[in-house]
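The following blocks contain the structures, represented as structure tokens.
Common to both upcoming complexes is chain A, partnered first by chain B, then by chain C.
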Partner chain A sequence: MMDGIQIALLGAALAVGLAGIGSAIGVGIVGQSAAGLVTEDPDKFGQTLLLQALPGTQGIYGLLTGFMIMQRVGIIGGGLVNLSVPDGYAFLMASIPVAIVGLISAVYQGRVSAAAIGLIAKRPEELGKGIVFAVMVETYAVLALLASIMLLFGIPV
Partner chain B sequence: MPVNDTIYAYAVGRIRALETRLLDRSRFERMIDSSSAEDALKVLAETDYSGAVSELSDFHNFESVLTAELKNSFDTLIRICPRPELIKILILRYDVHNLKVLFKAKYLGIKSDLFIPIGSLDLEKLAYSAAEDDYRDLPVKLRRAAEKISEDFLMNRDPQAIDLILDRVLYEQLIAVARENGSAFLEGMFIRQIDLTNLRSLIRIKRMGLDREFIKKVLLPQGTLPIDRLTANLDEPLESLVSSLMMSDYADLIEEGVREWLEKGTASRLEKLSDDYITAYLKQGKWMPFGFEPLVGYLWAKEIEIKNIRLVLVGKINRLPAEAIRERIRDVYI
Partner chain C sequence: MPIIEMKKVFLLGHRQERDSIFNLLHKLGSVHLLDMKSGDAWNEFEALLEPDQPDEAAAQVDARLSDIRYCLDFFQRHFPVRKNFVQQFTGAKLELTPEKYSGYINSLDLARSTYSSCRKADDDLARIRNEETQFNNLIEELTPWVALDLSLEQIRNGSFVSMDLYTVIPENLSTLMASLEENLSAHHLEMIFTDKEFVYFFFTGLAAELETVQNFFKEKAVTRAAFTALTGTAAENIESLHQKLESVIEERVAVLKEIELLLEHRPMLMACYDHMDNELKKHEAVSNLARTENSFLLEGWVPVPVLNDLEMTIAEKTDTAVLAVRDPRPGEDVPVLLHNSGPIEAYEVVTKLYSTPRKSEIDPTPFMAPFFFVFFGICLSDAGYGVILALLALFVSRKLKLAGMGKQLVNLLFLGGLSAIFFGVLFGSYFGDLIGLPALWFDPLEDPMRMLFYCFGIGLIHVYFGMALQAYRNFKAGHLLSAIFDQGFWFIFLNGLILLLLPEFSAFGRLFAIGGAAGLILTQGRTQQGIVKKFMSGLLSLYNITGYLSDVLSYSRLLALGLATGVIASAINSMGGMVAGGFVGTAIMVIVLFGGHLFNIVISTLGSYVHTSRLQYIEFFGKFFEGGGKAFNPFTVKTSYVDVIETEKAL
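Now for the complex of A and B:
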């Protein structure tokens, strides 16, 4: 039978895994667009790198959430907590916002950033606006992270 | 999640950079306003064409620069497009053009250097095939067309059959490939081109006073304007054709184009407006961050740019007034 700790760890794995997948796809899309632009115009490397980094944050949020779960259940920091199955599920559920929103928002942020690559190809001086468009998507990843953290700290273990 | 179109991310990123190097309207204005063809060429030398233009020993040979540039664009796009077959289909037009030139040379005995060395078929092999009447090396559709032309010419001795048969095969093939690949955008472009070609043929034939049977042979069947409707009021004056098309997408273009055609006796306005119509359609791709559309748009933009450069330079060499050149210049894509 599944113990509470395993369910909590599934939550940690999903947070890190799904948000990470999203970021990998997002960063990958922007990277391809950026490579296309830099082939023709190598001077724009710095600007494109900035845009490529943006969809990477979801992966970091996922990792942060994962770490917090690991720390609360005692995987890191020692002293494994004896979790009941319902408590385990509570951790799993707390990880869901950052896992799912992270996955999807990173892909869309990647698409916006890639569009911004097209923008700086024509108007390099408007990099700031391109970043703002991409960062709008970030809002929802941050909100999801916030929700996950609040849920995590609310679990009485 | 729509991730399929991101296979074009690299290509579109690159196109976005290439688009910035297309010549804009103001550059063409400067070329038009320059005092001679040589001065116009100097304006061209300030752009991406500088390398090729500086190597030109005699400016009358500018055509080689333009062809090389166009070939280069096609080659680049074939290299970077994840589905190169979609770009290759756009080259078919040049193969068909070369075949037409070849057949006309063969059957009418005209020596011709109108070949455009852009097609996918090797020109020397093509000439050999035509000379030997052996078309085994051609792609299936073109082979059948070539055999049909040989046959037809033996029986009817009618050189017009060359254009008719080849145009038909060209558009059949274009539409078939667009459908096979599920590219509604590409199909939309071809259908618009068919409609516009049909309209031009219709008006031209009508002005030549040819009969209904011939028109039916010329009009291409895949367009959105039904052939029956196009030929319905054939015996009435051209104005009635214009009014019968008032409800179609082509109303404005047909009205202005036909009016100028009747006034000045030349189709050049209608041809310009037709090109502008396709440009306007393809401009959708300018705003797409992913997908195949920006690639087609860029290639068309390059073709139009080269057409415009040719118009200006030929106009300048023939000392046409600036206004006459300006009228013919196509809208630019950027």
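Now for the complex of A and C:
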């Protein structure tokens, strides 16, 4: 009986869990600012929702990585793969970039987006610039996702 | 030419014709007015000219306008017009035919009477609100005394006996009663009601001892409850107050009904608002002019394509006005109007969200547009999603009358949808793996490394293109050497490094890399003083290679976002597959697929748009584009509430 599978699943759980926590915090921070602005000006709901969605992508990237791991080890779509312990660790490590960078970048992206809410409160026409500031943070989550995906593709199971 | 040429115009006319000429210009909307006082002409002729002022009519218009705004705000407060989700981005205006519009703006008397009705209704509502609070407060104060049978008017101090209602905190009650018992010859204290905070009691005693009693009361923090103006018992009073409340509420309903009846004038008020607002703008624009006793002088910018039209109209419609036109002088702050034709126009929104170009700059829109189109498609990279996005964009642009940036954004998404279809077919992605058509080219999910290299390749082209544009800018500005040193050497150096990586070209690569680096070391410090400083800053400039490296690596996001779209789509499909089977299962599957893919379209489109924009702003614009120009802002009709739609006229 090989028990690499548990280690691989830990990787999936961390990717979904940590990146999800980050997004939850980030989206939460923006939501608080957004609600404040919408109190003053309900017509800005659409714009603020757009900004609130931005730190949500890390959670999706985490889910994506977790889903890929589950698919590779056969939790979904087909029988369980017989996984050695080193292979299990390989999956765990592949999940680390998206888990950790997702967690932290989502929180900071949330702060930037919350500041962008302040920006559009005074200058609604500058929504584009506020988004760009937030996207500068997201870059690193995208790169981490890329690293995680490349690592996953590289594991020969 | 993407940036339209402008000419400076001066218009000299007779004072009597000023307003009619102004109306004409306002209607044409082709002049960007300048403030004469800050122009060159002002310095030259300062002794002859004086600034023009808005006349008294402006104040009247302003007052009218604020009345109308008051009405509209009042309506909005009580019967708000809600904007739907799309309108929050695009704005919503009332569409009116020209006949209706002119009908509306000629009913200013009606606007005035509506204003007084609104005022009255507002005052009524304020009074009703006051009464309501007053009644509610009184009811609250009276409620503890319901058990008291006495009529309130009977409670008063007579010549021998004093009586009144009091409250005290429960902790003080027993000591109070004890000291009253001890010190008074006769009294009666009856508790009416007790709650958490207070004990409510009725007290009667001898008038002669009233002062002693009051001292005790003061000591124990007893407060008198005064109901001086009321007659009847507390219970009777509460009942009558409830009746009054009801009638007040009825009254409010009636007032609200009246307001609702007034609502039919809302479109009229909106039209009047826009009309008066524009009138006011016309009056205010006068302060840009210069005047003498009998003439006025106007300065502004006019786009060359409409200049002829303007000259003709002025000559035709006026008797005295003279139009003088000249080319912009170097150093003048010429306003910028972008004009891109066809599908490229849609991409102006991306440029404008960054910054308006300066007059001396190239408009980056046409250069950026093809890259934006391709990058967006690679990020979304799903034929099914592309079809839906394109159809949605088409639907929105048909359904909503959009103008300006909103229209451009929708068109941009439409084109993005087309691009996604193209790349979706190339990569074989149709709602993820829902429709298992093979890839026309290759599937990035199976060979991500290959796709990654293509992304870097396309990124390199993008970056080189940006450098080439900067080199062109330098060249045009007469800095041929800058173009060679700053862009040419980098181009040689970077290509040399790339060739080094390829075994069969590494000899060339070494040559290019060393040559380029030598060129950079020798030239990049050319602004510094002294040979050592020149050499050091030349050497240090090689460090910028990290900038180019990170620029190119940044394009890996194209792969990452493309993979994300595809994998999420597949995840949704397999979730749908898990529940499939039987009628209920199939129904759930359809819901999962529909909801899931819709969610993915929204999230992926947002991601594609923002990341593609970022690649343009940081990696591309950073190479050659400064921005910070002043946008052409013509003196013209601007509305906030209504759009006058020209109906098709019979010719």
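In this section, the second predicted complex is superposed on the first by the 155 of 157 C-alpha atoms of A that agree within 3 Å, B and C clash if a C-alpha of one lies under 4 Å from a C-alpha of the other, contacts with A are read in each partner's own complex, and residues count from 1 in each chain.
Definition applied: a residue touches a chain if its C-beta (ideal position, glycine included) is under 8 Å from a C-beta of that chain, and two chains touch if they have at least 3 such contacts.
Model, not experiment: these values are computed from the prediction.
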{"item": "Three-chain arrangement built on chain A, chain B and chain C clash or fit", "value": "fit"}
{"item": "Which superposed partner A:Ile149 touches (first chain B, second chain C, both, neither)", "value": "second"}
{"item": "Which superposed partner A:Met136 touches (first chain B, second chain C, both, neither)", "value": "second"}
{"item": "Touched partner set for A:Leu9, first chain B, second chain C, both or neither", "value": "neither"}
{"item": "For chain A as apex, the angle formed with chain B and chain C - C-alpha centres, to the nearest 10 degrees", "value": "50"}
{"item": "Which of chain B and chain C A:Ala53 touches, first, second, both or neither", "value": "second"}
{"item": "Which partner reaches more residues of chain A (counting touched residues only), chain B or chain C", "value": "C"}
{"item": "Partner chain in contact with A:Ile29 - chain B first, chain C second, else both or neither", "value": "first"}
{"item": "Chain B and chain C, minimum CA distance [Å, superposed model]", "value": "7"}
{"item": "Overlap of the chain B and chain C footprints on chain A, listed as residue numbers", "value": "none"}
{"item": "Residues of chain A that touch chain B when the two form their complex", "value": "25, 29-30, 32-37, 39-41, 104, 107, 111, 114-115, 117-118, 121-122"}
{"item": "For the chain C and chain A complex, residues of the former touching the latter", "value": "83, 85-86, 88-89, 353-354, 448-449, 452, 553-554, 556-557, 559-561, 563-564, 567-568, 571, 574, 577-578, 603, 606-607, 610-611, 613-614, 617-618"}
{"item": "Complex contact set, residues of chain A against chain C", "value": "43-47, 50, 53-54, 56-57, 60-61, 63-64, 67-68, 71, 76-77, 128-129, 131-132, 135-136, 138-139, 142-143, 145-146, 149-150, 153"}
{"item": "In the complex, chain B residues that touch chain A", "value": "1, 3, 6, 9-20, 80, 289-290"}
